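In the part that follows, the structures are each spelled out as structure tokens.
Each of the next two complexes has chain A plus one more chain, namely chain B in the first and chain C in the second.
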Partner chain A sequence: MPDVILQNLPFLLHGLWTTIDLSLWTILGGTLLGAALGTIRFVRAPVLGTLSMLFIEFIRGTPLLVVLLITYFALPALLGYRTTAYKAALLGFVLFIGAYLAEDFRSGLRSVRPSLIQAALATGLNRWQVLRLIVAPQAMRSVIPSVFNQYVRLLKFTSVASIIGVTELTGAALLVNARQFHPIAILTTIAITYLVLCYGLSLVGRALYAHFGVKT
Partner chain B sequence: MSDVPTIEVRDLHKKYGKTPVLRGCSMTVRRGEVVVVCGPSGSGKSTLIKCINGLEPYHSGSIKVEGVEVGAKSTDLPRLRARIGMVFQHFELYPHMSVLDNVALAQIYVLRRRRPDAYERAHQLLARVGLQDKSNAMPVDLSGGQQQRVAIARALALDPQAMLFDEPTSALDPEMIHEVLQVMDELAADGMTMVVVSHEMGFARRVADRVVFMDAGEIVEDAATEVFFSNPRTPRAAEFLSKILPH
Partner chain C sequence: MMTYQFDWGPIWDARGLIAQGLLMTIAVSAVSLAISIVIGLVVGSGGASNSRAARTVSALFVETMRNVPLLIHMYVWYMAFAFLRLPAFTCAVLGLSLYSGAYVAEVVRAGIGAVRRGQMQAALATGLTRLQAMRLVVYPQALRIIAPSLASLFSQLIKDSSLASVIAVSELTYAAGAIEGQTFRTFEVYIAISILYLILVTAASQIVMLVPGARNEAASASFADA
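What follows is the complex of A and B.
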């Protein structure tokens, strides 16, 4: 391993940990947000459904960096609260990936056959029970691949947080490079690290899908 | 109360967009009656029985189930549906649940039965349809005939007042039709009120009290089974019978 990496290993590992920590919390928050928005869209809730659609379209039409700048500078100024780079990045990522996940969840919910929903309704289950007991469990299984695809995208997106001053893996690497300037060694190392992380995450997704995927 | 029909349909109209699918249908099903509804495809048979438990809305007319108007805003549809079992052409078992859970689910969440009671009842019903050894299987591992028998058990689990069958054998291979019809024969013999959309004329002859013939959204003929088969009143019914019965 190149000297520049070894000398800065604790610092880079701390950056790596921040990347993992930020990713996991975003996955948790983004999944909850995405599931909520996707469900609201699926049941076509009045008002809330339209608001969700507007939010999703807004996020999907906005660059990730701009979203982070909004959660770091604009929102705190507008709403009068104090934030940190980490918290702003977390909020931005949750909103960003949540909007994409919402569309995945919605299409998963829609993939359940209408005739199966009719059959469940015919047994006297109400709409919420049908959603919770029949539609959602099947949708969750069918969306595992596309959801993990979003998780992998997100893991790479966390590098953008370095621009608002979060010292995650990329941010840490840029600081080390600014001091000692070994771009090839440093950037290759973090590129490989991202590759390993992403590959591991997609393996988890594949294992879950193999285990839970609905066979029909 | 015995004079209140189990199902009473009066002058029912329904359209899909501008296309009328039901044009003034009326029929009455009394307690314990078995009525077979037949007719060419697209005649509105399936739509008619889906209106009976409120799976399809209707535009005008009236459907009463045990005196309760299905289309009324105040009607508690889930509660009404729990009193009518329904069996579908393509079985529609919940693919992520075992056979036993398929049969127990509505008992637990609709009837609020305790789980042990629901599972005990599910085992009984699976035995009744001859599938006691399949309770832990997943639907995908069953044949079509077995899946349809589980679907019948699932509907019976609610102790319904009537059963609706929407072409229960038309998605089955010929060798599996018999096992499903046998279960339905037994149900009829037990006195279950049944409305069966089917082209199984043998079943109709054996167990139906009446045959309803539909064409182009209308009930063209509603007659006692013997009368329908031996002496159809309308040319349309006669033509249909001549096509569907072996000569």
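What follows is the complex of A and C.
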């Protein structure tokens, strides 16, 4: 390993930890948001459904960097609160990935056969029970690949947080590079680190799908 | 408590800067789009070919390129290869093309795989060469199948081009930062450019869906979005 990496290993590892920490919290928050919005759109809730659609379309049409600039600069200015780069990044990532996950969850819910829903309703379950006990479990199993696609995408996108000043892996690497200037060694090292992380995460997705997946 | 006073005047006054940024975003995206299609076509065809070597090389390329964040792609060209003295525009285009090219390749590979095998055999039986069969029979059908996925990839690419702002390409996001710095109309400027991106992205995906027959396939397409 190049000297510049070894000398700064604790700092870079701390950055790596921040990347992982940020990704895990975003996965948790984004999945909850996505599941909520996806369900709201699936059941076509009157006002909430339209609001969710507008939110999803707005986020999906906006670059992630712009979303982060909005959560870091624009929203605090508009609503008059103070934030930190980390909190703004987390909020931005959750909103961003939540919007994409919502569409994945919705298409998963829609992939469950209508005859199954009708049969469940016929057994006397109410609509909420049908959603919770019949539709959601199957939908969850069929959306594993697209959801993990989004998780991998998110893991890569956490690098963008460095632009608003979060010292995650990319931010840490850029700081080390600014001090010692070894761009080839530093960038190669973190590129490989991301590659391993992302490939690993996608393998987890594949394993889960092989185990739980349903082919629709 | 909302105490923020809206003032869109400064944004309108900076419309020249915004228009320049928009043109630069379109330029970066269009050039990267063209290159990523070429990369995607070559690598994707390799991935769908019968040769094991071609499939391995194609898979290696795709996994390496798309598992590294786009931001790192851009920094690699801009900083690690600084000795090449490439202009920032070129660095952004290279990073964006290689990154998106890998995604296009996966879509192309899936599209070729989705064209029924009999089509290729029938084309060969009529006396077409392999290359002619691909060009005249397989690719046109694959294009129709993958058009929805391509549309979503291309809108992704346009949004991703915003990262070029970090290596000082004066595209839309960069212009927004500059205007924000001069006017402090933080909320207005970012909302304004969000809307411009939204328009651009919608227009781009509508154009791709003009491929004849694409809309019929859209209903049945089953490729995961990137």
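Here is the rule we go by: the second predicted complex is superposed on the first by the 214 of 216 C-alpha atoms of A that agree within 3 Å, B and C clash if a C-alpha of one lies under 4 Å from a C-alpha of the other, contacts with A are read in each partner's own complex, and residues count from 1 in each chain.
Convention: contacts are C-beta pairs under 8 Å (C-beta built on N, C-alpha and C of every residue); 3 or more make two chains touch, one makes a residue touch a chain.
Since the model is a prediction, treat every value here as computed from it, not as a measurement.
Undergrad: I'd like to know which partner A:125 touches here: chain B for first, chain C for second, both or neither.
TA: So A:125 only meets chain B here.
Undergrad: In the overlay, answer first, second, both or neither for which of chain B and chain C A:69 touches.
TA: A:69 sits against chain C, while chain B stays out of touch.
Undergrad: Quick one: is A:195 in contact with chain B, with chain C, with both, or with neither? Answer first, second, both or neither.
TA: In the superposition, A:195 touches chain C alone.
Undergrad: Answer with first, second, both or neither: which of chain B and chain C does A:78 touch in the superposed model?
TA: second
Undergrad: Which holds for A:152: it touches chain B only (first), chain C only (second), both, or neither?
TA: A:152 sits against chain C, while chain B stays out of touch.
Undergrad: Based on the superposed arrangement, let me know which partner A:142 touches: chain B (first), chain C (second), both, or neither?
TA: Neither chain B nor chain C is touched by A:142.
Undergrad: Which of the two, chain B or chain C, is in touch with more residues of chain A?
TA: C
Undergrad: Of the partners chain B and chain C, which touch A:115 in the superposed model: first, second, both, neither?
TA: Touch partner of A:115: chain B, not chain C.
Undergrad: Under the stated contact criterion, what part of chain C meets chain A in this complex?
TA: Touch residues, chain C against chain A: 1-4, 63-64, 67-72, 75-76, 79-80, 82, 155, 159-163, 165-166, 173, 176-177, 180, 186-187, 190-191, 193-194, 197-198, 201-202, 224-226.
Undergrad: Going by the contact rule set out above, which residues of chain A touch chain B in the complex?
TA: My answer: residues 113, 115-116, 118-126, 129, 133-134, 137-138, 141, 214-216.
Undergrad: Using the touch rule from the top, collect the residues of chain B that touch chain A in their complex.
TA: Of all residues in chain B, those touching chain A are 50, 53, 55, 78-79, 81-86, 88, 90, 92, 94-96, 105-106, 109-110, 138, 140, 151, 154-155, 158.
Undergrad: Which bits of chain A are touching chain C when the two form their complex?
TA: Spelled out, the residues of chain A in touch with chain C are 57-58, 61-66, 69-70, 73-75, 77-80, 100, 104, 145-146, 149, 152-153, 156-160, 162-163, 170, 174, 177, 183-184, 187-188, 190-191, 194-195, 198-199, 202.
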